[in-house]
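Worksheet: the structure to be examined is printed underneath.
Going by the order they are written in, the chains are A, B, C and D; count residues from 1 in each one.
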Amino acid sequence: MDVRIGLIGAGWMGKAHTYAFANALMAFGPESGKPIFELISDIDEGAAKTACQKLGFSRWTKDWKKVVTDKNVDVVDIATPNIFHYEIAKAALENGKHVYCEKPLTLSFKESKELAALAEQKGVINYVGFNNVMNPATHYIKDLISSGKLGEVMTFRGTYDQDMLLDPELPITWRHITKYSGSGALGDLGSHLLSVSQFLLGDVQSVNALSKTFIEERPAAPGSSKLVQVENEDFITIIANYKNGAVGTLSSSRVATGRKNYLFYEIQGTKGSVYYSLERLNEVNVYFTSDKSADRGYRTVFLGSDHKGYKVFNPASGIAIGFNDIKILEVHELLSAITNNTPYICDFEFGARIDQVISAVLKSAAGKMWVQVREEGAVSR
Amino acid sequence: MDVRIGLIGAGWMGKAHTYAFANALMAFGPESGKPIFELISDIDEGAAKTACQKLGFSRWTKDWKKVVTDKNVDVVDIATPNIFHYEIAKAALENGKHVYCEKPLTLSFKESKELAALAEQKGVINYVGFNNVMNPATHYIKDLISSGKLGEVMTFRGTYDQDMLLDPELPITWRHITKYSGSGALGDLGSHLLSVSQFLLGDVQSVNALSKTFIEERPAAPGSSKLVQVENEDFITIIANYKNGAVGTLSSSRVATGRKNYLFYEIQGTKGSVYYSLERLNEVNVYFTSDKSADRGYRTVFLGSDHKGYKVFNPASGIAIGFNDIKILEVHELLSAITNNTPYICDFEFGARIDQVISAVLKSAAGKMWVQVREEGAVSR
Amino acid sequence: MDVRIGLIGAGWMGKAHTYAFANALMAFGPESGKPIFELISDIDEGAAKTACQKLGFSRWTKDWKKVVTDKNVDVVDIATPNIFHYEIAKAALENGKHVYCEKPLTLSFKESKELAALAEQKGVINYVGFNNVMNPATHYIKDLISSGKLGEVMTFRGTYDQDMLLDPELPITWRHITKYSGSGALGDLGSHLLSVSQFLLGDVQSVNALSKTFIEERPAAPGSSKLVQVENEDFITIIANYKNGAVGTLSSSRVATGRKNYLFYEIQGTKGSVYYSLERLNEVNVYFTSDKSADRGYRTVFLGSDHKGYKVFNPASGIAIGFNDIKILEVHELLSAITNNTPYICDFEFGARIDQVISAVLKSAAGKMWVQVREEGAVSR
Amino acid sequence: MDVRIGLIGAGWMGKAHTYAFANALMAFGPESGKPIFELISDIDEGAAKTACQKLGFSRWTKDWKKVVTDKNVDVVDIATPNIFHYEIAKAALENGKHVYCEKPLTLSFKESKELAALAEQKGVINYVGFNNVMNPATHYIKDLISSGKLGEVMTFRGTYDQDMLLDPELPITWRHITKYSGSGALGDLGSHLLSVSQFLLGDVQSVNALSKTFIEERPAAPGSSKLVQVENEDFITIIANYKNGAVGTLSSSRVATGRKNYLFYEIQGTKGSVYYSLERLNEVNVYFTSDKSADRGYRTVFLGSDHKGYKVFNPASGIAIGFNDIKILEVHELLSAITNNTPYICDFEFGARIDQVISAVLKSAAGKMWVQVREEGAVSR
């Protein structure tokens, strides 16, 4: 089936989505949905025009509203800065379009919840791009938990650390301003950790957080001596209770000296445990108490044909897949949902739950207290 | 100089201390203090008698009070269950003895503070056996911080995980009963992590903790069907502020599936970072932002002749040292302090600070709130 | 510039090439050469037809000779079983086509040398698909050597181990028959190791090898009780002298229990050293003697923006690339050579040198003696 | 039973032996043999006298012949430079003493064989100090092989690399002179690798080797401009056939940039495999094909109570042991053999087999040919 794409945002992420769609077609064939690059928009007319040609779209516009109303567009793909997600997604849903929105869904739980409800009502596919959920490693770990091999999950300990913003000479960007990005490390990086935690352990019940901005001011522009205040956190650390009784320790830093893409987590269950680092994307470490005592140790399992999603990329086990391959798996899940109505994980409801936890965490950090993550919004215990 | 030892407690730890003393003499020579195995006591007369002969002590007794008053004893070595530390240490100090006490110092900050003050007043050597502080790796990391090579320390993230008590069939012991052991994982394992944190980053200012007992009941005896309640935590997780502005995330579990002796921590500074795991005792991982960008990465530095304490064990770098070697370094520091009045780190004041943090953490976990770690005791913010 | 592709072989590798071409266009743009999927052939008519449609080729044929003579084909892409490489490549060259041939170039040094000379004479681009050479990690290591950072190279120690053929129940295939595949582990896996060694250290001067077939017979077909003899080696180990004075230890196994894609090598120079494993594709371990003694250790450098080829895939360092990304880099080098006459590494001369070493190694293993790797062919010392 | 020790050589190794004896007594008790430090000798009278007092020996002499004839000496402990091993061991045996000789046994297979025969004839305990054989990790791996868990062993791949002699400014020592040390890296480091290989896989049948001296001259003394020729190899690499059908790849370097104590080996069997590095002394990596496919990977097994020899040092698993602990296990095996006639591994026959392989390897490297390792000595194939 043809899936006609209306892409909004012609920057790096828009490009990445387009490559992923093209590869998904090559890898999975048209049975899962054949992406048609129908219409691309960007607020910058030149960018829209150039990208249209380079990425192989049929038409372009500088007005995103034309995309959400275009009768030849099946799915609206939102790859804009975060602050525009809500408005665009809402309009797309109201026009009955399927929506594929980069993470985070919106900048607030309230907005995300509204979108989730609207999508539900409209009966369209609504997908948020939490790519780590589609990692074959994550699915392998999910299987280990679901099958009972790890027993009852007791603890989740994780962090998402990058050092990209460590240099204090790097100038201020929209990421540092609350109005445009909401939180800092929490929303940008921590949300990925939360998406994995949500998929693997389910809902968080209550949180208590401590945040810190280590670099309080940044140059207004590269080399500028004018300093502008950084409004959101460089670092956050969270202790949490899960509804299933597990206890969590989660943190994230965007000034994490030495760490490049260190999304690390460890899950300890009563019968086994597992740990994983995105810096070593292709290996999962798993431990079973059922192994003979003398031979017991963490197994370093390389991703391979036994793990969901891997096979399409490589004919044999142990050949490395990369970040872009995971994005292909994500886009395939979207296409397949649109075409064959297959179930998918990261719907708007899922995205809203992440935003709900984020909201509770921010409230906790600000109020220095435990906060319950409740359906009606984040409130103090 | 002869250092006449009066050992109280003839169990495994007493034996380990004795071996360490004998090895310290062999390794460092009598100039640092020659241990004389003068008197050993154990509440179990048979144990005292047997150990006296096996370990090469001159005399034995079943009454520890005889040890603290014996005029031929220079240093009282306390290797009893934790609950007796306070009473014995106090008596030893009152008799003007040097005191070497296994960690933790006591079961409460109040008692530890009292002992520290008394030791100060008496002017004797007062040493708590936090062995991880004497690890050459720890000293190397301390040097990295002190020299400014890591810049300003931003974060400390650590955990001390073991799975020794994972099996729910393991019966109840004194470690599970508050009266005898105070806290659970926190005091037993977490205190080691806190000792390293205290040495490397200095004082903790405030804490917020969450604790959990996963195995709520245990058999009264091996195989017994009678179940007894476990009174203290299997797991604790803490977020913390340090006085120097750093932020901490610390946890500990005694039911940590898959982890054997996983005292892990990572310190991120503005110019460098370091991480370390006790399961790989001989290697320190360190990162410097001053390295050329293309060649930047964590260095795996094996302990060797350049690192404090290593040289006495091996003539060349890269030859593994073990836990018992570190205990020798600890005992040597004690002997040297007694003999040559050299400075040492883990005095009773140091031990009391650990107990103070523990006290604040327990208060926080119980009250579900932030607690300040203040001189006058742990109080709510 | 349009680069019109004539693909021969519609199997897995042909598909992989096609994806790589499509992605190279998306990633690098048409300036490096725009691949046009002109003509595809497969001996199996159905396969040719289906692949033509699925992969987006314009025309198909079952006769490879039509491809090499087609006036609308610029480059002949050979993705057939190894035994056909020579004949096809020769015909393509004779028709003045550029040639892109999967590794190995041919089954003998003599044939490869002939092709290299013919390509030279025709003045066309002639490329062999040794993908590991295009790995950003390999180029980083090459830079370390070329810049003198490792000093004089003393030793190369490497192995390429996979366990895909460990199971003795796996039936015989063309890979086990000399006539079709030449050598066993050596040509299939070892040739990759040799390609890296050739690129990094230059020519091998003499070799001494020992080979072994551990599984001497395999079922004629899955489940069959009829056993057929395996004709080539499961395992080979080689000691070698390089022209530059370095000494090599190289091995390869296709029955290497536990190893999935373990292309590992270590290069020790007088001033530094490096080791690398393809199972951890994104990390290079490098050691410099110029580091301060106490801080000296192997650095784990994650691939990133500083390393050649990485940037096109990810906007920031530390995000994992995979095998397929490396194949894109390979295809881009080919397109760029055709379009812009940029220099490239893995030409037929390069491929012939690998085949020359293989030839010498096989002679050594058979004759149990040292063999010189000379221009005129492999002869005994 | 008292075991009266006559130690010859008061240097670092003599000291290490003495500590090991003292610790063996503490750890295992007198039932395994109580070491009595009876007599110590050193060619340097002052050294003998000082060591006698420091190490707690009863008497000293400068004449080793007095030790081998002393009626109050039960075991002669030879910790002299290698060149004196033969003469002293022979004299000790002729006087009916038990002999404990540091590795290597002698500088030639012929001498070692003679000593082994003499020891057999005299019926005394004859022990060579190949400490790596007593490593609990080695015994665990031996058990894995013996129990059939790894299936048939196919390959052994190992190296022993250190970079202690990398600096060309380091002056010449007896280790560089054939007369005093025999071979270079091979005898000093490679012999350890061979001892492990001998214990785990049994006899080597034939070898083919390549050796190299990278630093051909060294200063006559520190800072001297006078250069002296280095007579033996810095590096050696070997391919080998084992009697059991396995194939070996072994190497060793004393100028191995970046490697501190890298005794690494990997053993691949038809049902499992194992690899180990002495730089991570406490962890063994083991892989079983019997594990479920999706969960298959190398297990990192930390040494613990399940592994032979560990328990005496630590009450719980996962606590690091070090090099000196392994030397204690070695000495305990010796004492136990003397006292209780328990079987032991590293007898003179074992030592002679190592020397026999070394002899064959040197012959191969010199003659550039395969050499059989035969009972009657090393001869060409």
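Keep this in mind: a residue touches a chain if its C-beta (ideal position, glycine included) is under 8 Å from a C-beta of that chain, and two chains touch if they have at least 3 such contacts.
Remember, predicted model here, so these are calculated numbers, not experimental data.
Contact with subunit A and subunit D alike is made by B, C.
The most distant chain from subunit A is D, comparing centres defined as mean Cα coordinates.
Of the two chain pairs shown, C-D and B-C, the one joined by more C-beta contacts is C-D. Annotation: 41 Å between the Cα-based centres of subunit C and subunit D. Subunit B and subunit D have centres, each the mean of its CA atoms, that are 36 Å apart. For the pair subunit B and subunit C, the distance between C-alpha centroids works out to 55 Å. In subunit A, the residues that touch at least two other chains are 259, 283, 298, 302. Those residues of subunit A whose C-beta lies close enough to touch subunit D in the complex are 140, 143, 283-286, 288, 291, 293-302, 306-307.
Residues of subunit A touching subunit C in their complex: 12, 18-19, 22-23, 26-27, 29, 54-55, 162, 164, 259-262, 278-283, 302, 304, 313-325. The residues of subunit C lying in touch with subunit D in their complex are 150, 154-155, 157, 159, 161, 166, 208-210, 212, 214, 235, 237-241, 247-249, 251, 253, 255-259, 268-273, 287, 289, 298, 368-370, 381.
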